[in-house]
Amino acid sequence: MNNIYMPHLAEIKEVIDESPDTRTFRLKFKDSDTAERFDFKAGQFAEYSAFGDGESTFCIASSPTRKDFLECSFKVYGKVTQALHRLNKGDTIGIRGPYGNWFPLDELKGKNLLFIAGGIGIAPVRCVIDNVLDMRNEFKDLTIICGARSVSDLIYKQEIKEWKARTDIKTIITVDPGGENASWDGEVGFVPAVIEKTAPPSDNTAVILCGPPVMIKFTMPVLTKLGFKDEDVYTTLENRMKCGLGKCGRCNIGNVYVCKDGPVFTYAQIKRLPQEF
Amino acid sequence: MKIGVFICHCGENISRTVDCPRVARVCESYPGVEYAIDYKYMCSDPGQNMIRDAIREKGLDAIVVGSCSPHMHERTFRNAAVSAGINPFLVEIANLREHCSWVHDDVEAATQKAIELVRMAIEKVKRDKPLSKINVPVTKRVLVIGGGIAGIQAALDTANAGYEVVLVEKEPSIGGHMSQLSETFPTLDCSQCILTPRMVEVYQHPKIKLLTYSEVVKIEGFIGNFKATIKKKARHINEELCSGCGLCITKCPTKKKAYNSFEEDLAFRPAVYIPFPQAVPNIPVIDESVCMYYKNGKCGMCVKVCDRGAIDFDQKDTMLVADIGAIIVATGFKLYNIDKKAADSKYKGYGEYGYGKYRDVIDGLQFERIASASGPTAGEIKRPSDGKVPKKIVFIQCVGSRDDSKGISYCSKICCMYTAKHAMLYKHKVHDGEAYIFYMDIRAGGKMYEEFVRRAIEEDDVKYIRGRVSRIYEENGKYIVKGEDTIAGMPVEIDADLVVLATAMIPQENSAALARTIGIPYDKYGFFNEAHPKLRPVESTTAGVFLAGACQSPRDIPESVAMASAAACKATILLSSDTLEREPVVAKVNEDLCAGCFYCKKVCPFGAIEVKDVKDMNGIVYKEVAYINQGVCQGCGTCTATCLSKSIELAGFNNEEIFAEIAAL
Amino acid sequence: MNFKMDEKIISKEDLLKICQDVIAKGHTLLTPGMNEYFPVKDISQINLNSSALPAKTSYKSYVFPRSEPVLYYKRSKDDVQLIDVNVDGKNIIILGAKPCDTNSISIMRHLFNWDYSDEFFNLREKHFIIIGLMCSHYDEYCFCTSVGSSPVSDKGSDIFLIPLDENNFALRIITEKGKEFIEPYAEYLKPGDETRSKQVTENVKLPEVVFDSKEVYEWLGENFESPKWEGIGNLCLSCAQCAFVCPVCHCFDIVDEDYSYSEGRRMKNWDGCQFGNFTLHASGHNPRDIQSKRYRQRVNHKFRYYVDKFGEILCTGCGRCSRGCPVSIDIKEIVSNCKESV
Amino acid sequence: MDKEKWEPKIVAFVCNWCTYTGADLAGTSRMKYPANAKMIRVMCSGSIDPVFIIKAFERGADGVLVSGCHPNDCHYNAGNFHARRRWDFFHELLDFIGIEKERLQFSWISASEGKKFADVIAKVTKDIKTLGPFTAYKKMNSEFTAVFPEIQEVVKETIIKEKETV
Amino acid sequence: MEELREYAKELLEKKEVAAVIGYTQVSENRTKPIIITDPADASKLVFNEYCLNNLSVYLTKARINAMCRTKDKIMKLAICAKPCDVHSIVALIQENQVHRNDIVIISFNCHGAVKDFGYEFSGENLASKCITCETHKPLYFDKIFGEEKETPKASDAALARIEELESMTHEERFEYFNNEFDKCIKCYACRAVCPLCYCQRCITDKAIPRWIESSSHQRGNFSWNIVRAFHLSARCTGCGECDRACPMDIPLSLINRRMAMEAKKSFSYVSGRSLETPTLVGSFNEKDSDELFM
């Protein structure tokens, strides 16, 4: 029987502590066939199992262009993330996926890209960034604006360092006021304020925006002011999901099932949905 | 999470019945266990180093030690873990010695059980959260409850150490039972003579605030931060104005209206009185129940004679509130009232001895007053009924004590000594008198105690009869004491003039109610429980509350004084630091989920739970939730089990941890 | 799937003989009782009564169990072993299904098969043989006619029965599956008389059509923020009785449960959109935090979203949800009065 | 099933101050008692939730013991009094639902009653052995045990045996 | 009836109350709850033998309480309550969910309510709780309507059932209850209608730790039903709403009643009868029976 709820097993090859409550797992499928067949696009998500505690949904954080391993990052919130946090290198987890739609990178080729990420929202954005960097010449200017509550909450410090080192990307990192420390050399301020200050040009530019709802709420007016169109802003919805298959009904908003019709939506699409996310 | 498992052999204590290497091997195969090893003595220095090294080298996040009871070495292993950088609350102990190897013979069964015990600890430690100690400030003032010799000693020691003391005594004067005694064993020195200077010292001490005729009605708060509410009963005499001249007492027309309780009801007193001449403070009290003024509004003689205008008929009870850092409870004892005023229902009386029926059947304290130079007979031994000097006197020991059938199983400890003293005093005063003592055993353990009893027998010719008295009845002005001599194996009958019963020492009236007010446990008799019978004899289980004297169990004077000094010392240790660290095992409310039923508040034994208002955007209260004062909470967790919505968790023993233990079974 | 209507006549006695045989073959035969569709142990339990109200619950749980394992797992330190579940492919014959129930499986089929196929559902459905029975009674909660069905509709049935008189039924073979099922019993079938059955069906009193589903669809689209929802939300107590007795509600939850230290299973359990924690995020955020939003979701999902997505109303008009509602909230009344002001 | 060989699984929830310490004393005094009971230490008998007992039964416990300080001897004054009321109802409920009273037992054991602790454990173990495995509860897992036949053999065997007797 | 409507209208018009929670007629033998905020709607109120719901469940609903709190005024809630519903209100007051001064209790002289909607009121169709009811007059109220009438006689079938169950062996009882609980579909209608199940998040919805398995298989159902019954022990006032709400006809109130009998027998306590008596849960007596403990 083709059991759509049956996950693939993967081994935790590496555990990276990004911040006190956020972790990245580097995963490798136990079955090499699965590893070969597991194809995904930037923005898609998966269901990760900690057997005994359940499944949790988060995006795939590594780029589809880098196939030797899969990465995911999660923040400890609930039962499953707590259980995942207890696991060590060498332990086994389950993965179902990839699910959902993706950022339409093919359509965005030839454009400038502006990446805006806050908190754990940087995980899907990182996937896109890495993907884009692996085909750098297909895109024009790249700008990354990335925010965290404090320096210690900032995740992907290693990746950020690499992005910063590159000359073909403009990378701006900010922490919320009060979250800086003595050695902090980045910006201090909330993401919307930093965007307003940097004022990236809006022509021929698509925005990839991920972060907590409150950040998105305050960022959108700024983007509009800077001339970005709702259709050019791509973001993700984070409704609660269980099955990831468009069955369990949990993520239904209006006539979309976020897990199948999403999670990537343009801001224009989101505006047309019932505001239940 | 990487867990290290360390299995101790405890020499052979564990390894004799538990296959320690196998336990370690099996545990290593459990998820999350990074490292497992067994060792001869985990608590030894090399053992602890092994733990430290493993934590550092393997990058362990938490450890489980399979060893002796956590009550033995939990602290040792926690300290070891802390020194290697692990939070002490990420250490769990599996009790493989007391709960396993020592109580089982079968190696296979014991090993299997040991594995399961360790597995439970592993699962618990996986869910343990790091905790840190709670700091609370300390109020530098001690409350001493009870002004007997123990309370006096505790107050003086504490005050001399430089801390403020509030001494609360329910009677009009301090002094307690010791002030009633004639002479004290085994030295036969005058009780009043050694006590009075101490009483005066208390009165004059600048650090001691003395509240007589007062009672503690409420204790709130917690160690270092108690709040005591004290009821100062109306004396109807202005303490500020009274000079203690005593004119009101001598002029009071109600001369013999009330029994004098200080004289154990062997004498009378007027409506306005001081309990005894050396009373501290030397300020009288007006007894409303007998005063003419309160009966018919007339009289007022005392007002007329008091030139300082100190009489205040309108005085009311007042409530004082004091911030307190530590409490010393020294409420003492009372004597078992056999049928005197319908004895406590939980004890069965001694109707067969005729106490209360025959005026010449008295108890030990009454005899003390008769023998006392300041007593109603001015120290002459006279019997209460007709004032005749008794020629034959019978003392009966263990009346109430050591008698399960009457409800008291314990030995009152001091009766053997004071009865010997009584007999001796009698013989010293009535040289031709005969003194008989019925005893069960003579318990004279103590410095010079045995010698004292020997003296009574050998020098003063006190006749000891080993046996119980079955009945006492009156015949021709004599009291026929029928008993048996179990050594001679024959019945005994003595026609006594006076019978003195050494009745049991029992806790003060309402000791249980007081214990609940303060929040300390007590035993089935009402004696307060010490925290540990051997190692913490003067501490109650409630942090910051200490015990002194006979409120904890029958004690004689030197023991009471020693306990008082010890309690004072414990209290001053507590007060010597500005803040104190508390174990973080306290409960916490999830305010989002709390439904505000306050069952938790109802069950909290410490009053640690308060009502907290949750307001909406307009500042209107829309919900009330429970809030736990972490300083007050003692961490019993009763609230967590009572909470229906499971919105309270006890740190260190939270529900997830216990579920994990159950799941690992 | 629909074949040319083929109508026969069968006597009650013969029908019961078929039932007897079905049971003897070890198939499950379900028939409606007062509370539920129950497996028949003895044919005396069968009561083919067209004038009964729908049982309190439908036979949904036989195709979509209220709680079923989707996999078993066994953990050890470095590995996890997964064991797949075999859905028991036992034939289930549902005898006397109400027309308001027969349709339910085909409505749910869309959901369980768009893109990803839920084989748990499909395998069970494959082994279903639904023998519908015309309905001749309705109460104040019935509204099948308003959602495009009717008491005489054979939609969703493999075989449909129409009582002609006390002892005889017209037997319509609707699907190939039905045909296959009935073929071995051809001996019991007598030639049909369509005029007779037509006469019976035409005489059935139909519940009044109380709303137009298209209008409701429109209204819902325009009145997402209507104050009406608040009023209903205040009355509704947030249980999921309505969802759990509904023949087409299909939301579920997935949870793991351990059975021992290392073994356990992953369960797929019914869930209800009326529960407050249905959409609750682990972070504490809840998109549908109050009952009015949840009730709005329920109605919208049934009468608008599902139509958008799959072209059918997610409702069969059986009225179970309203009949069982502890506070007597009547979905029919709500949608039929939707246009009235609050 | 070999009833002689079968060893019951017993969970004891004990308070830290009295019963746990009493058990320590039993150990220090080298008293012997059966190894069936595994102890879970909580701070006070007042903090034991009835759901713990249900969880223990779910996890295959055949019997549960709850033990705390004697009345008035509670380290926290009154936790055990509240516990006493709670257990009165819970025990009555379980009895009504059809769970034998011996499956869940209670005791007050003070820190000085090492002997009593050993006796109580022996008694509970004996009672449960007499009652036999808690098959009624374990049968609820039968679907699961079919998948993992190697676990909980006991249950399976008893179920088979029961079927045979029927 | 007119008096009731007039009174409700007056309360609303004078803005003394934010809403009146009452009953309205749906069809001949059926009523349903209604929350009235507009004085004009007061005419929809009814009170009769078909007023079956225990409306006190609405008193703890956050959205309804929110109606009482406006920026400038805090208003009361009026509630129509049968004398037995007043017991629930008393329990809610004791558990700090409602303050006596925040509500207006409109009560009635009651002579019973129907067991099932849709049928005539009679001795046969009499709610189980009415058979043994001793409070035909409310214990607490602000306004009372209706005349005193005789309650139809009926036999106490529930008690007979309890006695019958108690005479069974443990195995038989376990079998019986396990089969009953097995029917449970975990719709939690019993919880939703229970006035005393007011928790913000029920124990069964907690995932860390998972207190009760959410699956509605035998084990999960068994746990849920035990915990539900235990949490209501000594609290349940016997309104019987759980029985009525249960779509699977599990005898929930039978267990509640059995536990209430225990409260009465061992502690002489009946829940929800007096505002002065302390609740049984959350209090203790040193003299409570020690029988259970070795």
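We just call them A, B, C, D and E in the order they show up, numbering each chain from 1.
Note that a contact is a pair of C-beta atoms (placed from the backbone, for glycine too) under 8 Å apart; a residue touches a chain by one contact, two chains touch by 3 or more.
From a predicted model like this one, the values you see are computed outputs, not experimental measurements.
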item: Chains touching both chain B and chain C; value: A, D, E
item: Smallest count of steps, each to a touching chain, taking chain A to chain D; value: 2
item: Higher-contact pair (C-beta pairs counted), B-D versus C-D; value: B-D
item: Far-end chain from chain B, centres as C-alpha averages; value: C
item: Rounded Å distance between chain A and chain B, as computed from the means of their C-alpha atoms; value: 64
item: Centre-of-Cα separation between chain E and chain C, whole angstrom; value: 32
item: Centre-of-Cα separation between chain E and chain B, whole angstrom; value: 47
item: Geometric centre distance via CA averages, chain E-chain D, whole Å; value: 35
item: Residues of chain E engaged with two or more neighbouring chains; value: 201, 203, 208, 210-211, 213, 217, 281-282
item: For chain B, residues that touch 2 or more chains besides their own; value: 31, 592, 603, 642, 646, 655, 659, 663, 665
item: Touching two or more other chains - residues of chain D; value: 59-60, 72, 78, 82, 141, 143
item: Pairs of chains satisfying the touch condition; value: A-B, A-C, A-E, B-C, B-D, B-E, C-D, C-E, D-E
item: Contact footprint of chain B on chain E as seen in their complex; value: 62, 65-66, 69, 71, 74, 95-97, 198-203, 206, 208-211, 231, 278-279, 281-283
item: Parts of chain B lying in touch with chain D, wherever the complex brings them together; value: 69-71, 95, 97-100, 102-106, 109-110, 112-113, 116-117, 120, 512, 515-516, 519-524, 529, 533, 541-542, 585, 603, 605-606, 634-638, 640-642, 646, 650, 653, 655, 658-659, 661-663, 665
item: Chain C partner contacts - residues on chain A that touch it in the complex; value: 1-7, 9, 49, 51-55, 77-81, 90-94, 213, 238-240, 242-243, 245-250, 252-255, 260, 274, 276-277
item: Residues of chain D touching chain E in the complex; value: 50-51, 54, 58, 71-72, 78, 81-82, 84-85, 87-100, 105-108, 120, 123, 136-137, 140-141, 143
item: Of chain A, residues touching chain B in the complex; value: 85-88, 91
